[in-house]
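Okay, so chain A shows up in both of these, paired with chain B first and chain C after.
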Partner chain A sequence: MIRYVCKYTPIELFAGFGAECAVLDDIPENFDLSDGVAHANLCGFGKSVIEAVLAGEVDELVLVNCCDTMRRVYDVVRNSEACRFLHLIDLPHDGGCGRESFARELLRLKAACAAYTRREFDRKAFAAAFSPPSPAVEPYVGILGVRAGREMEAMMRDGLALPVRNLTCIGNRAVAAPGASPENGKDETALFMEYAGALLSQLPCRRMNDTTGRKQLYNDPNLRGIVYHTIKFCDYYGFEYAEIKSGLSVPILRLETDYTLQSRGQLRTRIEAFSETLSGLGGRERIRMNKTGKYYVAGIDSGSASTDVVILDNDRNVMASIVIPTGGGAQSSAEKSLAEALDLAGMERGAISRIVATGYGREHIRSGGESITEISCHARGAHFLNPGVRTVIDIGGQDSKVIRIDETGAVRNFVMNGKCAAGTGRFLEMMARTLGLSLKEMSERGLSWKEDVVISSMCTVFAESEVVSLVAQNRAVPDIIHGLNNSVAAKVAALVGRLGLEGDFIITGGVAKNKGVVHAIEGKLGIKLYVCDEAQICGALGAALFALD
Partner chain B sequence: MNQRLEAQHRLGGLIQKHYGRAREIERTREQPIAWASTGAPNEILWAMGFFVQFPEAYAATCGARHAAHAHCAVTEARGYERHLCTYCRNSIGASLAEMEGTGAFEPLARPDFLLVSNNSCILITKWWEHLSHYWKIPMINIDSPLVVPGMDRGDIIGHVKRQCIDLIQFLEDFTKKRFDHDRMKEIVENGKRSADGYRGMLDASRHDPVPASFFDLIGHNFPNLVLRYDPASAEHYEQMKTELDMRIAGGVAAAPGMKYRLYWDGVPYWFAIRNLYEKLRNFGMSLVTSTYFEVFAFENLDPSHPLDSVAENTAMFYLNRSVGYKTETTERIFRDFHLDGGVFAYASSCKPFSISMHYIADTVRKKLGAPVTIIEGDLVDETFYDEERNNTKLQALAEALAAKRK
Partner chain C sequence: MDLVKTFGGWIQDLSPRRPETARRLLLAGYRAQRMAFSVAPDRALPPSKRYVAGVVMDVVIRALARPESAAMVSLFTPCEPLFVAGVTPFSVETLSGYLMATRCEKAFLERTADEGVPETMCSFHRTFLGAAEAGLMPKPKFIVYTSLACDGNMLTFPYLQRKYDIPAFFIDVPYEKNEEAVAYVAGRLREMTAFVEGVTGRPVTEEALREAVGRSRRAAESYRDYLACQKERRLAGDVTSEMYSVFTSHILLGTKEAETYNKMLLEDIRKAPKSGAFRLLWLHVIPYMQEPVRTRLNFSDRAFICACDLVYESMIPMDETRPYESMARRMVHSGCNGGADGRIEQAIATAGLTGADGAVVFAHWGCKGTLGAAQLMKNALEGRGLPTLILDGDACDPSNTSDGQVATRLDAFLEMLEEARR
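Our next item is the complex of A and B:
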């Protein structure tokens, strides 16, 4: 089975030799084999190709010189000598003078296939392999950007309320048959010139010189939203995202992955939150409360660091709230915190009419009637706490997010940190441990800094070694803490920058209690943050408010 | 660095004169200004009367002057990813800061035209595309296929040459001037003399003790890159060769008392050059040479076939070659320059240099028995640089070299 990676691959040619082929889009669990032979700045997809080859899953591979990664993947795979058939096609950057050189490349591949398969080229089989594209006839969400991989695409289909079309680089392959009847007549050179032209006339991928044709992807009247996928270290699609993000008429969600599913939870949260943004919470059918008289609801925010519960009465009065560390799993922490909150409120479990769960553990909480992402819940909670707020900065244990909300508290846009602890509560927790301080001590001591210390490493592990070096240099602890606070602030400011400054601003999540970080963010952005006692329970409060609907 | 070459003063003068002239032209508009990539067929631009500036070289300068971080921050605030090439982030950020009047570090003179080739990497074409978008000026990419086994060298050069001819036609329309073949020949002649001089400068480092270290030579890429169209570039290298020969004859070393001769692989971490120089010197290690210099060699120029040789220079650009070719070149350099070990400088955002670095380093270690180390950082982004870890690796390399010599 020949595996290929790029839509400009002449797969109809393989059919002409009776060879089966398939896109190589398996998402590996890890890159253990690849990391041993290639450097870390290879994009996750490039690593996945090497991983599949070294694991013995692929031994016939046709690559296209489509990006710098693929050029180097070819080098690495070739040196591994693990493929029986390996070929690199040079792809020109446009269809003008490039057509001739591409036709030569196709003929070179044809000769290689003939030698490898020991078969004659069958024009009839070649002609039969072309299939016309199917246009969109109903509203859909488009997956754009770079390839998403089979499993990730399935996750999007599950998480989004609308039909999903894969329009990524490899997903939108559509090649017209060269001429009226490629199986007869024409001489081979003319046939392959036409074939090269047909391949190069596809909707251009972001690599090509002229990408104006890509506009049709964003202007389709049936398009309702875009999930824009980029892979860390992919060079093209980040450029396109930067270019298009502000001029679109439909909502866009950017997902940056490393082409593994190691962050499934975070990916699912983003996709579901986006689905909520697209169609309101009506994206999933919600049953409206039909209860009269006095009743109570609860919101449970199951986060990576803490599990928070808020109990409200039907007049939106907070009856009890509690924050406990998430210990032995989402379910048990949720039960424990709910029981403690009920104790505080002096209520029985049966008094709670409805529970909405949010946070990473939301799907694992059986006591919850339904789950809503923490993006929507923080937005709702923040709006309740301060209706003037338009930007929510939530710094939680394992992620930080910036949410843009409208005057009703509905989410208009949001961004989250990538798969990296920098700029999160976990980062501060690790640094506090390195300094031998509690989080509370760190928060207080960071306020009495005198000298600006710069922590330049964005990586938590490197930042830790930087802190150790600074301690060894006898730098004052408050100054080091101030440097760390600024590092978190820089990361948050970059996220805010992606949405644009729009006040008022509120900070939520556990890190809101750290005055040093609050001051650093205010200084970095030149704004004033609304800080309130309920900052840490904002997600649970939002969930409880949804439960009242 | 402590034994300062006279050539360093002269180089400073050439650089100052070039940028001074750029400012003047920006004001008077007496010549069109192009921004070009290192490996593009820039002789055509010079022959058409363009004043050519190099965003990659500008990024290196910003890195050395610790100004790149501010430019990169501007780019990141626009939604560009942090893993993109830091030269690119620096360049787009500086352009945006310049356009928006928020202040870029000694910005390049504003361009009228952009020329790029994907022979160094493909990302660079997207970088130029965005420069074109922001500056609202035309750009042309010279498509240069990767030179891999099985592809015909003549076909590749022919493909590039056809695009050079298209470029000339475009520039004739753009400048409303006819292409001057005699001027082209003269420029290729100057370039050939400059490239020969450049090679002469590099070859002086075969001598032991080395008369000028990698750190002394690194800035001297500038004339062969930026000024090779002008006889001043060749003159610079000819005078430099005389100076290096005098050092060799007098037994003068770039840094006395060095025990080990080292190879450098990859782009220098421009912001850390002094630090690295001192660290290596303390360990008795002298950086002698690097395949990085090959990027600026331009040695296919031939005045008897000006356009063909310019196309060949572009098509056979060092970074466009296969890993096998690069490995062979590295092995040859190890032998010709009598090198004891190597420092491989991984650059987080630079794929052409970094991805196959493991393989090249491994081959050198296994085939030549030379100790090597891979240190980590990025071209001009200081946030990826972990000095402590890199110093530990360099010290371990010195220990391995000492153990081998016992």
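Our next item is the complex of A and C:
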């Protein structure tokens, strides 16, 4: 089975030799084998190809020199001598000018296939392998950007209420059959010139020099939303996202992965939250609260750092709220915090009519209620706390997110940090530990800074060693903390920048209690943040408000 | 007080609000520095290296002061036709390198992060884009770029063409190194020359082009002789000068200044003392502003960079009677084109020529072409008995690198070389 990686690969040619082929888009669990022979900072897809070859899963491979990574993947795979058949196609960057040279490339591949399969080229089989593209006839969500891999695509199909079309670099292959009857008549050179033209006439991938044709991807009338997938260290598509994000008429969700599924939970949260954005809680049928008289509901926010509970009565009065550190699993932390909140309110478990869970652990909480993503819940909670808010900046333990909401509190757009801890509560926690301070002390001491200290490293590990070296240089601790606060603010500002400035602004999550960070963000963005006592329980509050619906 | 840091701070503060003023201030600073090069040059440097500092700074000053006669180019673009037409070429690496040396890169890197540009992209490109977005970089006359060596070109230049709405010319360089590819690229270079004539309104005669390529040929010959002298002698210098050579061997190749510089280098090294210091073959860009690199390799009797592949890779034989084919051959047969094996072969040959004791592959953050080849290069070079260090870092964005890590790795590598020599 020949595996290939790019839509410009002439797969009909393989059919002409009776060879089966399939896209190589398996997402590996890790890159252990690849990291042994190639640098870790290659794009995850490139590493997945090396991983598959070294694991013995692929031994016939046709690559395209799509980018610098793929050129090096070819070098590494060739060097490993693990493939029985390995071929690299030189794909021109400029469609028109490169047709002739691409036709020669196709003929070179044809000769390589003939030598490998020891078969004659069958024009009939070649002609029969072309299949017409299927146009979209119903509303859909498009997966754009770089390939998402089979498993991730399945996750999107499960999580989104609308049909999904794969329009990534590998997904929208559409090659017209050359001429009326390519199986006879034309001489080989003419046939392959036409075939090269048909391959190059496809909707351009992002690495082509002229990408104006890609606009039709965003302007399809049936397109309802875009999940834009980027892979860390694949810059082509991240760059396109930066260019198109603000001029679209449909909502867009950016998912950045390292081409593993190590962050399944985070991915699921984002996809579900996007579905909620597209069609109001993902088009899910929600049972309306049909109760009269006095009753109570609870919201549980199961986060990575803390588990928060809010109990509301039917008039939206807060009866009790509590925050406890998450420990010993989401379920037990949820039970413990709910029990403590009930104690605080002087209630029994039976008094709670409905529970809505949110946060990373929401799927693991068996409360008998439903679960809604923390993006929707933070939006709802923030709107309740201050109806004038249009931008929610939530800095949690492992996530920072910026949510754009409308005048009703509904999510209009959101962005989140990647897997990296920079710009999150975890970053500050680690730096506090390095400085030997509690988070509370860090919050207070950071305010009395005198000299500007720049922490240049965004990476938590590098920043930690930078802090250690600043301490060794006897730099004042408040100055160092101020530098760290600015570093978090820069990350948050970059996220806000992706959505654009629109006030009022609220800060939620545990980091809202850190005055130094709040000042740093305000200074960086030139805005005033609304800070309130309920900042940390905003997600749980939103969940409780959903429970009242 | 650190003057450069303070000056860089002013540029960073001014850029978002008053980019024109920031540019004027930057230009004034560079002009003052240029003056200092002339009246009070660094006496520790040999004449050739004092000379090149002024040559490269003149390019940056001209690009900022007279953008209407400047062109943005990718580093590997042959610029002989541009010189004939009186155009100053400047590359991503030139301007970003200067901004980084002025300690104001952070503002521009943050600007691109705010725009959503991937932080995994090469920091030279991100700084360049940030400077364009901030309005610091003026609109040039036109753009010429190639697909060679760097994916960043395919993102930065089309984007800036749209942003500035200026003419651009693109040269796709085939992967395979053969005469067919040379002929194809030579054809594109002819079209590029016509493009330059059209945009500038100035003729580029075949005769003038031959003269320019002749200067390139002589510069390459001097440089190869200079490299051969490295085996015995050590010309005092710093890593910054080595980085200047990256520009004189690419965007300035074909100028009188580049030819003069290489000739001066050869004269200087012939007069230089013999040295037993370790000779390091450097692969890829040099983090010339990173303190542990400067303290270990500038004016050091212990170790120095004897050759850098981003300099010698373009120094191939040329024939000015066929100027287009000569320029095309430089691109097609570049060590950075095609598979990693070509770059490795050039490295092995240059290590032999210069008597290198070890090699350093600088795994510059975001450069997938080098990152992906790093382990292959290490294995191949060590297979030929040349100890090789893969040094992770970032030559333009200090936030992606750690001084401590770089210092430890470089020191351990030098200790290892010393141990092997005992």
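Annotations
The rule is simple: the second predicted complex is superposed on the first by the 547 of 549 C-alpha atoms of A that agree within 3 Å, B and C clash if a C-alpha of one lies under 4 Å from a C-alpha of the other, contacts with A are read in each partner's own complex, and residues count from 1 in each chain.
The rule we apply is simple: a residue touches a chain if its C-beta (ideal position, glycine included) is under 8 Å from a C-beta of that chain, and two chains touch if they have at least 3 such contacts.
Note that the structure is predicted; figures quoted are calculated from it, not measured.
Superposition of the two structures on chain A shows chain C clashing with chain B.
Of the two partner chains, chain B and chain C are each touched by A:Asn65.
By the touch criterion defined above, A:Arg475 reaches neither chain B nor chain C. When the shared chain is aligned, chain B and chain C each come close enough to touch A:Asn41. When the shared chain is aligned, chain B and chain C each come close enough to touch A:Tyr74. By the document's definition of touching, neither partner reaches A:Arg157: not chain B, not chain C. Applying the stated touch rule to the two superposed structures, the overlap between the chain B and chain C interfaces on chain A comprises residues 37-39, 41-42, 46, 65, 67-69, 71-76, 78-79, 88, 90, 92-94, 97-98, 101, 104, 207, 209, 230, 232-233, 235-236, 238-239, 241-243, 245, 456-458, 462, 465-466, 469, 494, 497-498. Against chain B, the residues of chain A that register as touching in their complex are 37-42, 46, 65-69, 71-76, 78-79, 88, 90, 92-94, 97-98, 100-101, 104, 108, 112, 206-207, 209, 230, 232-233, 235-236, 238-239, 241-243, 245, 256, 456-458, 462, 465-466, 469, 494, 497-498.
Every residue of chain B that touches chain A in the complex is listed here, in rising order: 76-85, 118, 121-123, 125-126, 129-130, 133, 141, 143, 145-146, 148, 150-151, 155, 159, 162-163, 166, 322-323, 346-352, 354-359, 382-386, 388-389.
The touching residues of chain C, counted against chain A in their complex, run 106, 110, 113-121, 147, 150-152, 154-155, 158-159, 170, 172, 174-176, 180, 184, 188, 339-341, 363, 365-369, 371-376, 390, 392, 398-405.
Across the complex, chain A meets chain C through its residues 37-39, 41-43, 46, 65, 67-69, 71-76, 78-79, 88, 90, 92-94, 97-98, 101, 104, 207, 209-211, 230, 232-236, 238-239, 241-243, 245, 454, 456-459, 462, 465-466, 469, 490, 493-494, 497-498.
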